[in-house]
Structure formats: C-alpha cells, structure tokens
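See below for the structure under consideration.
Residue numbering begins at 1 within each chain, and the chains themselves are lettered A, B, C and D in the order written.
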Amino acid sequence: MSNTLIEARRELALANRMVANEGVLDAFGHVSMRHPENPNRYFLSRSRAPELVEPDDLIEYDLDSRPIREPGVGQYSERVIHGEIYKARPDVMSVCHHHSPAFMPLLAVGADYVPVFHLGAVGGIRPPFWDQQDEFGDTNMLVVKPEEGASLARAMGDGWMVLMRRHGVTVAGVSVRDCVFRSIYSSRNAEYQVQGMAIGNHVASLSRGETELCGSISTQTTGLMRAWEYWAMRVAKAGGALAAPKAPSRAKPAAKPKAAATKSRIGARSKKSKRR
Amino acid sequence: MSNTLIEARRELALANRMVANEGVLDAFGHVSMRHPENPNRYFLSRSRAPELVEPDDLIEYDLDSRPIREPGVGQYSERVIHGEIYKARPDVMSVCHHHSPAFMPLLAVGADYVPVFHLGAVGGIRPPFWDQQDEFGDTNMLVVKPEEGASLARAMGDGWMVLMRRHGVTVAGVSVRDCVFRSIYSSRNAEYQVQGMAIGNHVASLSRGETELCGSISTQTTGLMRAWEYWAMRVAKAGGALAAPKAPSRAKPAAKPKAAATKSRIGARSKKSKRR
Amino acid sequence: MSNTLIEARRELALANRMVANEGVLDAFGHVSMRHPENPNRYFLSRSRAPELVEPDDLIEYDLDSRPIREPGVGQYSERVIHGEIYKARPDVMSVCHHHSPAFMPLLAVGADYVPVFHLGAVGGIRPPFWDQQDEFGDTNMLVVKPEEGASLARAMGDGWMVLMRRHGVTVAGVSVRDCVFRSIYSSRNAEYQVQGMAIGNHVASLSRGETELCGSISTQTTGLMRAWEYWAMRVAKAGGALAAPKAPSRAKPAAKPKAAATKSRIGARSKKSKRR
Amino acid sequence: MSNTLIEARRELALANRMVANEGVLDAFGHVSMRHPENPNRYFLSRSRAPELVEPDDLIEYDLDSRPIREPGVGQYSERVIHGEIYKARPDVMSVCHHHSPAFMPLLAVGADYVPVFHLGAVGGIRPPFWDQQDEFGDTNMLVVKPEEGASLARAMGDGWMVLMRRHGVTVAGVSVRDCVFRSIYSSRNAEYQVQGMAIGNHVASLSRGETELCGSISTQTTGLMRAWEYWAMRVAKAGGALAAPKAPSRAKPAAKPKAAATKSRIGARSKKSKRR
C-alpha cells in the first residue's frame, strides 16, 4: 500500500470519527472517499458505528458497490449511495450520508434549507429534496438497490447536498476534508435556521451572490485547516484518537494484521506519536 | 448460575447504563428482562439509579412482582409495570420504563407520536396514551398496584410503546437489545418530531407500510449489533463500564457475593479485562 | 466542630457542586443550610462559583446575614435571600437561589410554572412571581438589602418556590437534599413545560390532588437517596468530587487550615477514600 | 518581554480557550487585546481555532492590522474588526468576534437583543445591527478590508456589542475579562430570549435604568473574578489548561522559542505547576 493511500485511509477513518464526534452521525451514517489512485474505486468502512472506524475497517469497492475482495465482515447496506454518486459525479471525491439531528426538523416539515450565515453557504441555497416513496413506493427507507442510489444521485444534480425526506441527508465534497466541513457546517446552519423559524416568520438567507462567494471560500485551505485541527483535537479530547500508525514493515506486510499490542508499543517510540 | 444467565444479567446491567448514558433515563426509570430460562420470572435492579446498576443489584421476581428471595435492599416501587406486561405479553422479553426528556413535550400537550424518520418506526404510528387518572383518580402517579400495572399493560395492547400522560413512557422488546434500541430511537424520533412541530403545522410521518417495513428491520441483527457496540463504547468512554466479570469459581459459587476487592483483582489478570 | 456539623458542611459543599453540575447553577447562584445545631444561624459559601465550593469555604451567618466571625474573604452580596427566608420560615432548613436556564424562558414571558409530570410537583402549581421593581423601582436587580430579602420571603409565603422576574428563582426545602431535589426537578419540569408550550396551546398540569400526593412522595427517603447517589456519582465522574475529609485532628484543630497536601495524603491512606 | 506583558498574553490565550469552551466560539472567531503598554498596538492569535491558542501564537499588530514583525504563519483574515475598533474607541481594551449559536436565531430573523435578566445587561438594550450588504454589496461576508472594519466600528458606536446580519456578533470590553464576561453572558441571555420568543409574544426586558445599573455591576471585580475562576476551572476540567509558564530565562530569552519538551520539564518542577 502506498504511503499516500495509507495516509488517505487514516484521514478517512478520522473523518468518520470527527463527523460523529460533532454530533452529525451516531450509530448510523458513514463517510466514504474515492480511491486516491483509482477513480473507479472507493473506500467505505465495514458495518460499524463511524466513531469506532479504524483504517483497517475500510473496504475497497468498485463503483457498483461490490467489494474488490471478499471482506469477511458485515457491510453497510446503503453503500450504493456512495457508489452511484461517484459514478454520476467525477468531481466528487468524498460522500457523507447522515441523519443529523439538526436537519430532522426541516425534513419533518419539508422546509427548504437556506444559508442563514456565511458558513452555511456550504450547503447551497434550497438544495433539492428526494423522496424514496415517489419512485419506489413503500420501502424500508434504506437506499440499498443500485437504482435507488442512482435516483438519489440524479436528485443531487451538480450540487453538494440532497435532503432525503423521512430519512436524512447526503453530502458530497471535492475532498474528504471538504466533505467533512460541508457536513458539519450545514448541520450547524440547519440548527440555527430551525431555531430562527421557531421565533419568526421570515428567516433571512444569504443572497445568491453571497452564497457563491462564501461557498467558494470554505473550500480554500486556511479555513479547512483551522477547522480540521480543531475537530481532530476534539476527537482526541473525547478519547477517540486513532492509534499511532504501524511502523513501516520490512517484510511480509500482511502477516500480522491484529498485533495491536506490538503496534502501539512501536508507535509510542516513533516521533509521530510524540507530536500528538 | 448458568453461564447464559450470568451473561444475560451482565447485559441487563449494561442496558440500564446505556439507556441512562443516552439521556433517556436519569435518577429514575428502569430496564428489566424476563428470566431467560424461566418465563414466569423477571429480573429488575434494586432501587438505584440505572446508570449505577451492577449485575449483583438484580433481583429476581415472579410475575406478580414479588421477589423470589427476600432482597434485603430497597426495591423500585413501580415494578408492577414490568410484571404485568410480562404476564399479558408472552412475546415480550424486556421492558423499559422511562421519563425521557424528548417525550415530555409530547406528553405535556397530548400530541401523538409519529415516526418522522425510518429509525423512529420502532415506536409505531400513534401509539396509545394511558392516563392513570381515568381509572384510578388522583394518585401520586406511581404505578404501584397490580391493577394499575395491568391497566397499563392493557393499554399497550400488542404494540411496543405506551405513553403515560403527565408521567412518562413504557417500551417493550423481544430482547434486551431490542428494547434498548426501541427506547433510544423512539426518544430520538420524539425529539425531532417536537422540534418539527415548533416550526411547522404538518409533520410528515412514515406511511403505515414504511413503518412496518422499517420497524421489522430494526430488530434484525446488523443494526442492533452496530448500535449496541456504539452505545457500549459510549458508556465506557463516560467511565461507566461494568467491572470485569468474576472468574469462574471452582467451588461454592454463592459463597462470596460481595468480595469486590478480590473480584477486581482477579478480573485484572484475566484476558477479558485486557481487551477493554 | 461536632461530627454532625462536619458531615453537614460536607453535604452542603457537595450540594452546591451537584446543583451546578446538573446545569441549574453556573458561576452564580448558591445553596445554603440552616445551622443543624442552632436555628438562628445558617451556612453559605464565601463568594465563589458553587461548583468549586469546599467545606472550608462556608461562612456562618446570623439570620440578619451578618457573619459570626470576620470572614476575611469575599461574601455573596445576595445572602439576605437566605437569611430572610430562614427568619420567616422556621420549617425551612435549606435554600437555593439560581438562574437556571430552564426557567429563563418562563420568566421572560411571565408564564406560570405548572407541573407537567409527577416529579415537577416539587415546585407546586403556579408558584408566585416576585418583581423587585414593584417595591423598589430601578435597582441592579440584586437582592442585597434586608427589606428586599424580606419582601421576597413574603412572596414565597408557605410554598417552596418563588419566581423572580428578570432575575431567577429561589427554592426552599426541609433539608439540604430536599432543596437540591426540588431545585433540580423543578428545572427539569420547566424545561419540558417550555418545550411543550412551543408546540401546543394547552400544556397539561397535574391536578391539585396529584400535585399534593406527588409532592409529598419526593421528600420521602427512597427517591431522595437514589437521586442523591446518582448526582454524587455524576459530580465524581465530572472530576468534581470533594477531597477526602481530614483525619480527626488530635490537637489544635484550627492550626493548619490550608495544609492541602497533608490533608490529601492522609485521606489517601484512610478506608474512606478507597471506597470512592 | 515585561512580566506584565507575559501575564497579559497568557490571560488572552486563556480567554480564547474560555470563550470557546463555553460554546461561544468554535473553529472560528477570536478574542484580541490592546497592547497593555502601547495603545497603538494589539495582540491577536495566528490563524487557529481559539480553543487551541497558546501565548506564543499571539501576533502583535498596529492599528491598521499590519503585523509588527513578519509572522511567518497564517493570519486571521478578519483582523480589521479588531484594529478598527481599537482605532475608533480608545476606551476599548479587548474585542471578541464570534458566531455564537445562541445569537444565530436572532440574527436569522433580525430580532432585537434585549436583556431578559440582569446578567444580560452586559449586551445593552437593542444594540445596533450592521449589514455588510448595505455598504459593500455581495461579498464573501468576511470583514477583511479596512473600510469594512471601520464601517462595523461606526455601527458599534459607543456601545459594547454590534450584531452582524447573516454573520455573527462583535463584542468590546474595558479589559480582557470584561470582554469575556460580556461575550458569554450576552450569549446566555440570547439563548434565553430566543426560547422565550418561541413560547410568548412579549418578552420582558430590563428597564433602561435597570440595564444601566446591572451593566455597571458586571464590570466590578467580584462577579468578574468569580466567573473567571469558574470558567478557568472548566477549561482545565475539559483538558484545555495552558502549559505552565516558562521559567524565567537567564540569558538569550528569544533563543529557543519552540523547545516545548524542555519547557514542560521545567514547568513540572516549578511550584506553579503543582498547584494546578
């Protein structure tokens, strides 16, 4: 595995923990990334709560959401959400599907999302709604069939967010960090918007021009870096930091996948672990 | 005590801690389970806050809510809620009674619970209300008499949840994990529904078909396991994990029920305790 | 100092920490107790945030709120709230003054408090409002003059709670634990009531009969003990437990009031500290 | 660097952590102070989340918000907010710019802030609104040009708070502690006001006389000291306390600015670090 890929997988595992630690995900929901070296593949954790995801939990999928190797562990049933968006949107490098509490009141009453402050511009103005019922009738509401995922991807269009009635939200980004930033700040905005709606009939929205200007700012490096450092610190304070990376193996890299005790002892000696 | 029973009792103690740690229970409320080997018995903690319950706190009751052995400690006054439901509903293996903050606004205004997202289906559509006042007049609102418990069980009917006006909620499940899942996700749904009602006149509900399909999903193992692992991790992070189980005793198993110091020293040496 | 008094002072310090840890107090507010051996005295902390109060911070006051000994440290300016209530109400053994966030919306709109569930009965039905403006015109809103405290005590009458417009709440109890219980559960009730008011025009209240029956239950020992153990555990988990008590001194008890290092070393050796 | 300055810089770093720890700041927002020895300069952190700010992160600026020395690290883009207020208001010694969740609903609906309880007087009655759109049209909403900062400072006038539509809030104070106190308690008040507005049409406000009397109280030392100790304790409990100060260097003070390991080893031996 290349160092780039090792780093990217660690970043994705941390991204899952971050978004969960910020209250956007709970036992359910997931963040994926397109394979950094092969655009026809993506990575998504095995079936477990995002706050617990380790790099070793990541499964490699093709864009039809079939695992490249038999994973031998449980898989998320809704992975087509990810695969079908990567198929439809070559510019998307990361996807987050969530049931953020902040969005639930909007979904419950079918109210449009609007950016009430500059950081809320990451969700766009009045992003589209999608209703699984429209095309597929009564279901268990899980997006499990390829055609269900494709329908959702079409609804998202060329935007960064789609609201799923009586279910949740799906967010896309040009990188894992961008997707994390959009997922968290659109949730913050939704929370503020809902509280505003509870006390007034007219909630102010950024203008279209402001939204475009603000939205492009958020994908620039300085704000992203500051927020990433902050959320990573919060994950660590909450006791959820990833274990130190394995020391580069000199031989038979796949031989000891679960030697956790050894791994952490080596990690403790490395420069990297001291920095945290 | 059989290993099955020992494990089941640990699970029930953890269930009490979980539901409390997720904010559904506080100093009050309780989770019980039917005896896994004797359907005419059930287990419920002695009178203490659920977040503090240990396996040794569990008292064995018959279905008339009389302790099998003189417990020598304080008992919950509302245990008939549990006993009468086990009597009326052979399919129910676990019961949770709570005053979840999420439900209180619905109870205060008498609004029906509706599932606003798929996981909320665990509470059903418009579950019944019960009012102690109707049948018993002014009381201290505690369900302490067998006939009060039986009345509540009748109100629950063949559903999984009953709302108790000016008091709280009682939830049933086909297993301890199912009951925990229903208690937590119905509370999440109630929270979202209340916030939705604060901003709109019409809160969308799952259709009856969706509710049935979603409700049956939640009792399947994959979602339950993922959520259980997540909530257990959160209990542990919050400093509330159960002490390691006692090493299997070779002789006189019931002889030293309270040797806490010994217990934890043995536990510290075992493989199991290292894994946590 | 008698052992009873030493224990009572520890309980009062812990009570301050508990009520703060449960979100009812923040940097401001305070819990006092009548002297257990002299009804014409009461104890209140020196001026510091309640979550930080130590037994040694307690100052002994007469009922005119004058310190018995020159304290040599800053004092709360609003201590007449306590002194005047002890004067007017011989049955009151403990007083809590707070600005609980849960009550602020009710105070802001002047809405009556009603018990929406059985534990909310501890605040009574529609407890009285008091407005400092009525009798004293524009002030800095602090209750600092004896006549202001006396006016507030009159408003409280023979109840257990009085709401102070544009300010906060004052709660009384027959013991420190009773006062803590009333302060916390009336805040929980206020929170639920406010959320109910946001979604419905009619919030259900316990009947007068139910309120009386429920209110008297809460002062009984079983519920109080269960809640006290729970709140104490939460204070400890949050890192706010009191230091172990000083070993009984054999000579010159008042000689080393600040030898913190010694105190905790002795504490660590004692049986008591191991139990926590 | 004088001891006064060293102390002041530590206080400012802690102030950033406090305001973040109380939920007023997140990854964004910042607290600055005027140079205690040179009124034509001010200090503001390099670009990083306020909860992570160290004394060494502080950059010295002139009132045109140009760094005195090339910082060699990223800078906040909105520093003109601080510089222009210090220019316009010689009495202001500290400025906080934030996007407090508590204020967002007010900003979203354009509702005036009013003090609903005495501590809310720190924000004044109906402080002014400012809309970047009015003077500058569509922007990315960041206050980055000197004329934007000057416009905001004019809007603030001689008050202590200005509300920025679709953006956030800026608060000023006569000292760092005063500014922290105003930022936190105006946020608390906003939260209570919003909840009040959700349940009633008329939210009570302090009278103008009460507001003046209460507002002047909050800048007095006793309340400030009590709150500062409390918030500092909370920062420490959350694991965010600043490292112990460097031991006074005997020679070449600027020589080892980043010797973190050495610094903490020295700190661990000093009396000061033991006290925490």
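Convention: a contact is a pair of C-beta atoms (placed from the backbone, for glycine too) under 8 Å apart; a residue touches a chain by one contact, two chains touch by 3 or more.
Only a predicted model underlies this, so the values are computations on that prediction, with no experimental measurement involved.
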Hop count on the shortest chain-contact route linking chain A and chain C comes to 2
Looking at Cα centroids only, farthest away from chain C lies chain A
Per the C-alpha means, the centres of chain B and chain C lie apart by a whole-Å value of 32
Which whole number of Å gives the spacing of the CA centres of chain B and chain D?
45
Residue list for chain C, restricted to those that touch at least two other chains:
198
Chain B residues touching chain C - in the complex, by the definition given at the top
26-28, 47-49, 51-52, 74, 77, 99, 101, 104-105, 107-111, 133, 137-142, 165-168, 194, 197-198, 238-240
Interface residues, chain D side, partner chain C - complex:
115-119, 188, 191-193, 195-196, 198-200, 202-207, 209-210, 213-214, 216-217, 222-223, 225-227, 229-231, 233, 237
